[in-house]
Amino acid sequence: MLGKDDLLRFYRMMQTIRRCEERLAKAHQQGLIPGACHTYVGQEAVAAGVCAHLRKDDVIFSTHRGHGHALAKGVSPRELIAELFGRATGCSRGRGGSMHLFAPEVGLMGTTGIVGPNILQAAGAGYSFKLLRSDRVSAAFFGDGAVQNGAFHEGLNMASIWKLPVLFVCENNQYATEVPFRYASGSPSVAARGQAYGLPGVEVDGNDVLAVHAAAGEAVERARKGGGATLLECKTYRTRPHAEGMADFGYRSREEVEAWKARDPILRLQRQLLEKGLAGEAELRAIDQEVEAMVDDAARFAEASPWPDPATAADHVYSESC
Amino acid sequence: MARREITFMKATLEALSEEMAKNPAIFVLGEGVGKRGGNFGTTTGLYDLYGPERLCDTPICERGFIGLCAGAAMTGTRPVVDFMFSDFILDAVGEIANQIAKIQYMSNGRLKMPVLLRGSIGIGHSSATHHSGSYYSMYAHFPGLRVAVPSTPYDAKGLLKRALNCDDPVLFLEHKSLLAAKGPVPEEEYQIEFGKASVKREGGEVTVVAIALMVQHALKAADRLASEGVSVEILDPRTVSPLDTEAILKSVRKTGRLLIVDESFAPCGIGAEIAARIAADGFDDLDAPIRRLNGLHAPTPYSPPLEAAVIPNPETIAAEIRRLLEE
Amino acid sequence: MLGKDDLLRFYRMMQTIRRCEERLAKAHQQGLIPGACHTYVGQEAVAAGVCAHLRKDDVIFSTHRGHGHALAKGVSPRELIAELFGRATGCSRGRGGSMHLFAPEVGLMGTTGIVGPNILQAAGAGYSFKLLRSDRVSAAFFGDGAVQNGAFHEGLNMASIWKLPVLFVCENNQYATEVPFRYASGSPSVAARGQAYGLPGVEVDGNDVLAVHAAAGEAVERARKGGGATLLECKTYRTRPHAEGMADFGYRSREEVEAWKARDPILRLQRQLLEKGLAGEAELRAIDQEVEAMVDDAARFAEASPWPDPATAADHVYSESC
Amino acid sequence: MARREITFMKATLEALSEEMAKNPAIFVLGEGVGKRGGNFGTTTGLYDLYGPERLCDTPICERGFIGLCAGAAMTGTRPVVDFMFSDFILDAVGEIANQIAKIQYMSNGRLKMPVLLRGSIGIGHSSATHHSGSYYSMYAHFPGLRVAVPSTPYDAKGLLKRALNCDDPVLFLEHKSLLAAKGPVPEEEYQIEFGKASVKREGGEVTVVAIALMVQHALKAADRLASEGVSVEILDPRTVSPLDTEAILKSVRKTGRLLIVDESFAPCGIGAEIAARIAADGFDDLDAPIRRLNGLHAPTPYSPPLEAAVIPNPETIAAEIRRLLEE
């Protein structure tokens, strides 16, 4: 059973993600982020709920929209923001930016700017863990857009027939850039597609961290115990544009966005905490302030950080072993 | 009448729009090509003119919709794929190299394959390694494809119109740092043949062959060198397959010196191909070694100082030309 | 309702395929076929049953195992055998062999040596027909092995969302080379995968030409009328090795092969014809003899045909228009 | 002791088997690598030794299982993909060029990527256009990959063992017409470093650089020319990435003449790369134009007379050498 501490941990993580994203959005407007910036605002419950079950030695593989996953897996706001600022202190040492976050030390094995590959890579980590007789598990986070890609098909099928310890976490935020899921998908349900691969497919309210946590818990346990992979569809919504600086109301209405803001996963958890008497306003505000301070510090750290040395631009193309 | 100047992007939009008006068999596929008008504005306004079947938004399945185009092109339509970033279609190399490029040959000429694949290439704007690829050299390696890499709005419009009137599969690759650049484009109808290089600047002491954005950088380098009294000739092949060897040979006959500037990877790149052709057929005209200036052989990093370090710029080009003149 | 003539047409077509394949198998042993040879023996009911509904201007796209589809769509035994013999008179003028049959004149738009692409190409033809407001339809034939490939996923999804006039005909002969379908597939049913794309998925006994014909008829009618695509799973079996000259009993037993031979689609139709009194032995033997004569003639024609001119080896890489 | 002679295939089987015995993290993926022992006998007997998890039969999803290998290689295992024909993995170029080749760099060296991709290349046996591809030039273009193209059993074993002890992704490409060829292979343990060319024949008048099967063809041509009194030096780079430029320069310094023989497509091919490097750094040593002899720039046809017409053979190589000696 989840206790107060667990819920407050979720709250803190979701707020950390939210505040980092808001800081990054502002920094993007200020010209501090030289490339793209895809925020995770509105989807925080998914990263927080799933990653709560993962050990440091478990691994995740994410996408262009990976800031939240990175933070939830243990990347610090400093390393995240510094990376988007292009600094040598960033988690990818400035090589990656928003779409290429690497922190293998904490199990973030990369985020990809190409839709699809991370699904396969998560299956590959699962293959390693199975072959090595390890109880580690692997998770892929991906959007509804990736579901129509061959990588989804091939990855889920392999994970099924080889019973790999993998979580396939689809964050169905209903749009792939501006293309609606209901247009792009032959089937209205992602979870139902599990059947095509002989995998359990579970649909969950992705804006409810407790629901995500519960469903992910079962899936992680199954994976650890050798029961194989699970497809988790988290229905959610991003409330900011696809990427910072992009227009947002050519393909969806302000009303739709507002309706989803009313279902904000952080506000929802806040209400639950207050209603159940697990935390008071003051306690939550204190967390908020701590988070705010941490993000302030991270942004200052990032801005003060050195640029990478151009002389290192071609380092590490090959390993030193061969 | 004043010469009209429009952007590269506007020039290609005109080409596409004019051809779509003429030929109802042309349709465009891609993510966001419909109401959105394309990630780079490549189809702005066309959805309202031609509707959802001819401006068709796709799921994220590049291999799938490029493979689909092969079947469409065989059966009476003329598909255009608007793929946004050339990195995305690496998943479709099988369909491109093994199907689209080969079916005219394998059917002994009985099937045509008028597929146009168009989208952005090139390093810039901290796009990082999954949005900075070029890959024209790879496509030039495969038989059966035409590969255009224009550097000006004029060339872009003329080559795109040619592509839409040609039965071969064409890769039309647009450097993202050129899309907003303006240049003269006449109102009148014109097309540019594939395999015809364009002399972008005449000069007598050294021949620089440059591709896409590097043409613009080389022009800047040549300006600088002109003030030092050095006379540089700049050639833009415009298409890397077919490649206009004759034009390069002709220039080298005059200058005796050749530098090829290509922002993409050197090994087995188009610069190597040009060098090999001239080392074979222009050998006696050469007064110095053939030099290549390429981007570093590394994935493209994100951070501005790293990114700048992996590609040639006007300064490094000028320096390379000076070195070559001393050899 | 099917009459005697229809059934005899099926019979003749299936026998034509069978006899061509047997002739090709023999020719392969004799060294008359320089490359690979994948026969269709045992699966004839599928090509015969589906193609009976197709007009000459409808199109099909097939695989490495495409001889039967070529014949059923109207390629002559002469052109087929000459192609495998590598002659200038072959349907691909000697450029293709067993895996690359082209006869656009009769709607055979190619067979592919790579597993997958033909599924996408069939969808593409469907796109053309839809855009051109034509009532033509398109069909892809593919094996159970192709079902695990991303092309299947992407092709079926696109055909579904755009309601393309396409038949996806999966010939589930239970093996991909030597890898069993039950091992390679997360789901035991191909037809059931239609659901994942919002497409009707129909399973049929692929060794019963009447069943195939009935199911394909519905699918073709739906496609012609704008009702979109269908996934047809034909359960069948190839009774010869994957390719001529390959060993056959490392992965399956003689008993299994014999059991399937007892379900031979040609024998079954023969029995039905005889039992229903629609044809006598003599009539069938007469057809057999005509077929045999035609195949004899084709093989003689092929062997007497000229080789392609080496000077043409690089012709048609590009069209003449550009 | 008599020198042991074994086939190319046997040599690679030994290499794989020896390394699998030493390193339990090695596993092999592919269609038919299990009980069947591989389409070309590449895994014969290993299934019985190492079981289904380490000899894993796959569905037909090349992109999928190659993408899977990237994730496996990052997490402590060492995947080997046995892909049968290089044509099949064109569907996986995105995973290879954009993921496998880049992750060491993008992670700033914190992740390793020991993926071995091995399988057949080359034209022959009427394999036709979907089973005759080579594509080593394409892989040499991408940064982050190692590409081996051995021509003898000895080189094959030594390079494969090197590949299995290296943290970089390696393409190991085996010409199908060489698989049954025999050659000396010692019983003792050895490895061959990447980027070291091998002089397959010493000679003084002309340098021939040849790849894979073309090495054997060039040796035959050189035999013939020897009887005409012509002395040919033959170099086999063995790996096209990295490429041993030094060895080629050294030979050209001696002979003054260079011919590159490559059965695959010329444009932006490895022959172009070699020519470009020598036209740059060996220019002063050249007494004649650099020549390339390649297969035709066309898909590979099936029929024997057509197939023979698209690739170099000992006669055409000898003729090309004679022509070069007259320049």
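Here the chain labels run A, B, C and D in written order, and each chain numbers its own residues starting at 1.
Just so it is clear, contacts are C-beta pairs under 8 Å (C-beta built on N, C-alpha and C of every residue); 3 or more make two chains touch, one makes a residue touch a chain.
Keep in mind it's a predicted model, so treat the numbers as computed, not measured.
Looking at A-D and C-D side by side, the one with more C-beta contacts is A-D. Distance between Cα centroids is largest for the pairing of chain B with C.
Mean C-alpha position of chain A lies 41 Å from that of chain D.
If you average the CA atoms of chain C and of chain D, the two centres end up 36 Å from each other. Centroids built from CA atoms put chain C at 45 Å from chain A. Inter-chain spacing, taken between the CA centroids of chain B and chain D, is 30 Å. Contact with two or more other chains is made by residues 58-59, 61, 63-64, 87, 91, 94, 98, 105-106, 129-130, 143-144, 297-299 of chain B. Contacts with at least two other chains are made by residues 92, 95-96, 100, 112, 114, 116, 148-151, 153-154, 157, 161, 183-185, 317 of chain A. By the touch criterion given at the top, residues 59, 61, 92-93, 95-96, 100, 102, 104-105, 109-110, 112, 114, 116-117, 119-132, 136, 138, 150-151, 153-155, 157-158, 161-162, 315-319, 321-322 of chain A touch chain D in their complex.
Within the complex formed with chain A, the residues of chain B that make contact are 31-32, 35-36, 39, 57-61, 63-64, 87-88, 91, 125-131, 296-299, 301-306, 308-310.
Chain contact summary for the complex, chain C toward chain A: residues 148-154, 156-157, 160-161, 183-188, 192-193, 195-199. Every residue of chain A that touches chain B in the complex is listed here, in rising order: 34-36, 86-88, 90, 92, 94-97, 99-100, 112-116, 145-146, 148-150, 176-179, 183-185, 250-251, 307-314, 317. Interface of chain B with chain D (complex): residues 63, 87, 90-91, 93-94, 97-98, 101-102, 105-106, 129-130, 133, 137-138, 140-144, 241, 243, 265-273, 275-276, 278-281, 283-284, 286, 288-292, 297-299.
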